[in-house]
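Data first, discussion second: the structure below is written as structure tokens.
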């Protein structure tokens, strides 16, 4: 950490800081410049609140953190890419996975037909919401456990792994009984009890970035899960909230490329929520693979105009199948492999 | 709702929409313009998902919602200002309340001395965190129930009502046992299980706007609480996340003025989190009262430079007392009353 | 346009609106719903300020525009993709162009060596700043006309077309004397005099989106140029300003895909400014082509760590050449062609 | 400046940086920590591009600037508040000024009646647009010089000083012939030629913050004017662009309070553009004075529902007069004076 002093800071101001540092067993290295002074504090055992403390001292202009606050999640902690295994399917590494399915599970017919269609097109995992977070208390919030049972039935028949959201700590055991991957939605990115609870299951977790979560906060939320000795975290970029309202959100592919450098965790992209428009999903899916994402999670629905949730961003079976073949071509051009149900 | 058709939409496209509307017992009123057609749907019983459904139809350019999605929270539902009573103190109406105290309860000495000081300066409620949401798993997360007990002790001695955050549904009963007002933090603005759980207690709830929550979403989150037959919601603006990083957040006083028109609920402001800098807190407190807020929640700490959390944004006792007398003057100039512990 | 009335709007309120419409020779079509009324106005000759006018009327809740405000720029005006010809090179259509070069022209040696290197790697156009907009008055602002002369010399030797920024209306003639493409920078996206002036030259214009320009505003700025009978506009997405500061800007590839639908104009991407980090440029370049962009403009410098401007986002010659071969592979996988200096 | 090295940076990496510093006559002070090293560079003569240069070096993690890039504008350069004199009226200091008038000058009758009304209510300056920046090429762009003549006539009759926008460098002399204060609009905040041109006139300049301009960039734009030996800059906060669309912009009063600390220049607020809704203007005007602004610029129109521009955010004469008396009360409560035409 570095403490930058004001132009008019006095020797006594610097002395006061040194005294406080000494209380923590730290030593500051002052550096006197022509205009102003700085104090470098480079010990490893800096208390997390020290920075705030020192900002309050007389004569201090600002403090600057020089280490990143996440550890287990960082590339420095683990240079090698983490591969999360989901019932035999590797997420991360050279392959690209595609997770597909409806926003919400609506009935058996809907989820079974979708499972068969996305499997036939090459998807390896099935998504589907049993518990749905909704802005309004008056909209459909999911079928709950019966939806989980239908997902499990779809897995039995098709062999697809299943990915579904858990919204509250007390539901974790129930959802974990059925799901292969526990999804944490964007609204819960800083629901720390929930993060720790899914951490404890040791199951793979799909951690969606929140609408206004910085990259650093996103990785800190992953750290909550990893710190429960659960290394099986798959990050998911799904668009951030910006001033632009012509699309539902702004897909941040810069973040995908940067997170692949800063962390060893696999990163996938959700182009359906990121755009909110089904006709933009194929282009952004291709771009996501091109930027280096390890996979995609895409909304597919047998009859999008009758979907109970997010129909306008869902692909039909035909559009999804067409997209899959284009994804294969682009993965090949990048010397990567699109993992498919047959591969 | 209004459906706007593309220039090249055909009669068959419009027919298809009419047919779907008929399935819901609705009737569309088409209006043929020179450039394009629109279809007005003005029935009251429009299903919440209809808009998404219709956006998927051939020939549709966009759909436009013309009613607000919240009901109980809206000014149209209740023209008169709601006044939430907290142990005899009215929040809302002509008076302005001040809630003050440390970010986190650290020990008995700290919370008792703060309670006495803010009471002496005129505050009517005490804030203090027992459970603290923290971005990093490695920082102080609050003392838990012992902190609640210290808060209760401070109430016993000073008569101040106590306001404290609850972070997860399973803690609601515990926190409600001690607190007079249950605070929902910015990170939990869309933690719907938690919103419903605090709703069920019927206790006053302080609902902080999230970092990137629109005004509409904020009121919808309030609706989750009101729909549990708990009308005792106090809204709290605490700054939003924007591109500007020179302050911790951007205080949105436009939102305070607008919400006072759109909703009947009381609105207070948290200038401490909104600015992140103690030296900006007094100015923004004055501005908040001037814009029409019903009160303030301010961080005060006996020794801000040793605070375990958010010290840099806390006022000292002296600064807080000085601010209180300026707040009184401005309230008077606006024909409002600053409610104080003596009044 | 649609006027949505308040629940409590009276017949007189609606009458007043009808009267105002009649003054403009328009007719409103009222539609009475159960909860509220709307008035549809579908004539083509609606004055641009009518919407603001009506919002002020008693009983009006909101007005909704149902046509887009740009005309010449819209896909509805011209269904076929525009191809802008730059000295024989088509921008738009099936090919992808790459423009490369330094942020600022520094000296003859620098620009000549860069021109040769990017040409050898396959670029078809050379970028280089003669006039540089800089946030601070104390930083390097470009060499001016001598830089333009060096660019022209580079064109003479290599055959590359040249792209350079013009910052103020009085410089347009000077810059147009040398440049093949006039670049309008992000800061000047709403400098309307400048837009009209470059429009009048009829030369190709590269129009960069501003930091906080919506897609609609961007297309309206293009409209300023097109309305001068200059159809040769190349749009350029270069990142928007959001809350995320880990990258210089947030590249908005959603916008590229959406603009390709809403407008017939070609769209290219500037991954250098969009990321601000040279090591992210290759990934985002690949993603940009994958999403459907018609080309790229990339910063390349012989010695990035000695660049007078934006060195940290410039590629070396080697990195640029490596990127070009990957771009070719991805274009092929998408059935497009990377236009190169040899092709 | 501080250079933070990667964990695995070598002695040779540090050596390379030292060598580069030596080329500039600078010396780095390395500080070896347990985890990583930093290099402090505290000389005054650091070239502006050094930071970018060093970021490109092997082993460098980041560079941190520790001085602010503006000089003349900073509070450190001038501890005393600047008071800009406009025909005898002090802007800055203990008084608060109110500038009022229509968005655009439409005709003599409109501007003269408005001038009389705002004067009667106590305003000391008249605003009115002769040249209007408009997003669309198809909307009203102002009357030009005849509007300036009408403004001058209004000044002759009422004694009000006049404030009007100049949009392009070649218009500066013309506008300066009539105006007492040259306004730079939000879209031109980084139109550097224009900033220098108005700087050269030595006339008072009202510099509006751009939609997505950081506080630092705003002060750097002021620096462009001050560096032309024109100290007469009045800053104007007018709302920034954020994710919230319920109001036209988000008024950033945090910025007003912070700029008053960081700079010696006077700061006023434009609540009309900041909210976009006339009924929010009074509340935000009061808040602006309460936060410490030195004045307001408010849109007033004789017949807002027939305004050619921004009618929905204009006050009527009655509403403006009512606001003025409330502003006086709040200024008094803060021990400031509302400067009025009679005072």
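Remarks
In this document, chain identifiers A, B, C and D correspond to the written order of the chains, with residue numbering beginning at 1 in each.
Just so it is clear, contacts are C-beta pairs under 8 Å (C-beta built on N, C-alpha and C of every residue); 3 or more make two chains touch, one makes a residue touch a chain.
Note that the structure is predicted; figures quoted are calculated from it, not measured.
Comparing the centres of all chains, each the average of its CA atoms, the largest separation from chain A belongs to D.
When the C-beta pairs in contact are tallied for A-D and for B-D, the bigger tally goes to B-D. Distance between chain A and chain D, defined via averaged C-alpha coordinates, is recorded as 39 Å. One simple way to say how far apart two chains are is to compare their mean CA positions; for chain C and chain D this gives 27 Å. Taking each chain's centre as the average of its CA atoms, chain B and chain D sit 31 Å apart. Multi-chain contact residues, meaning those touching two or more other chains, occur in chain B at positions 212, 241-243, 245. Of all residues in chain C, those touching chain B in their complex are 2, 4, 7, 29, 31-38, 40, 42-44, 61-62, 64, 66-67, 76, 212, 241-243, 245. Residues of chain D touching chain B in their complex: 212, 214-216, 239-240, 242-247, 249-258, 261, 274-275, 277, 279-280, 283-284, 286-292, 326, 329-330, 332-334. Across the interface of their complex, chain D is touched by residues 20, 48-49, 52-57, 69-70, 133-140, 167-170, 187-188, 190-194, 211-212, 217, 220-221, 223-224, 227, 241, 278, 304-312 of chain C.
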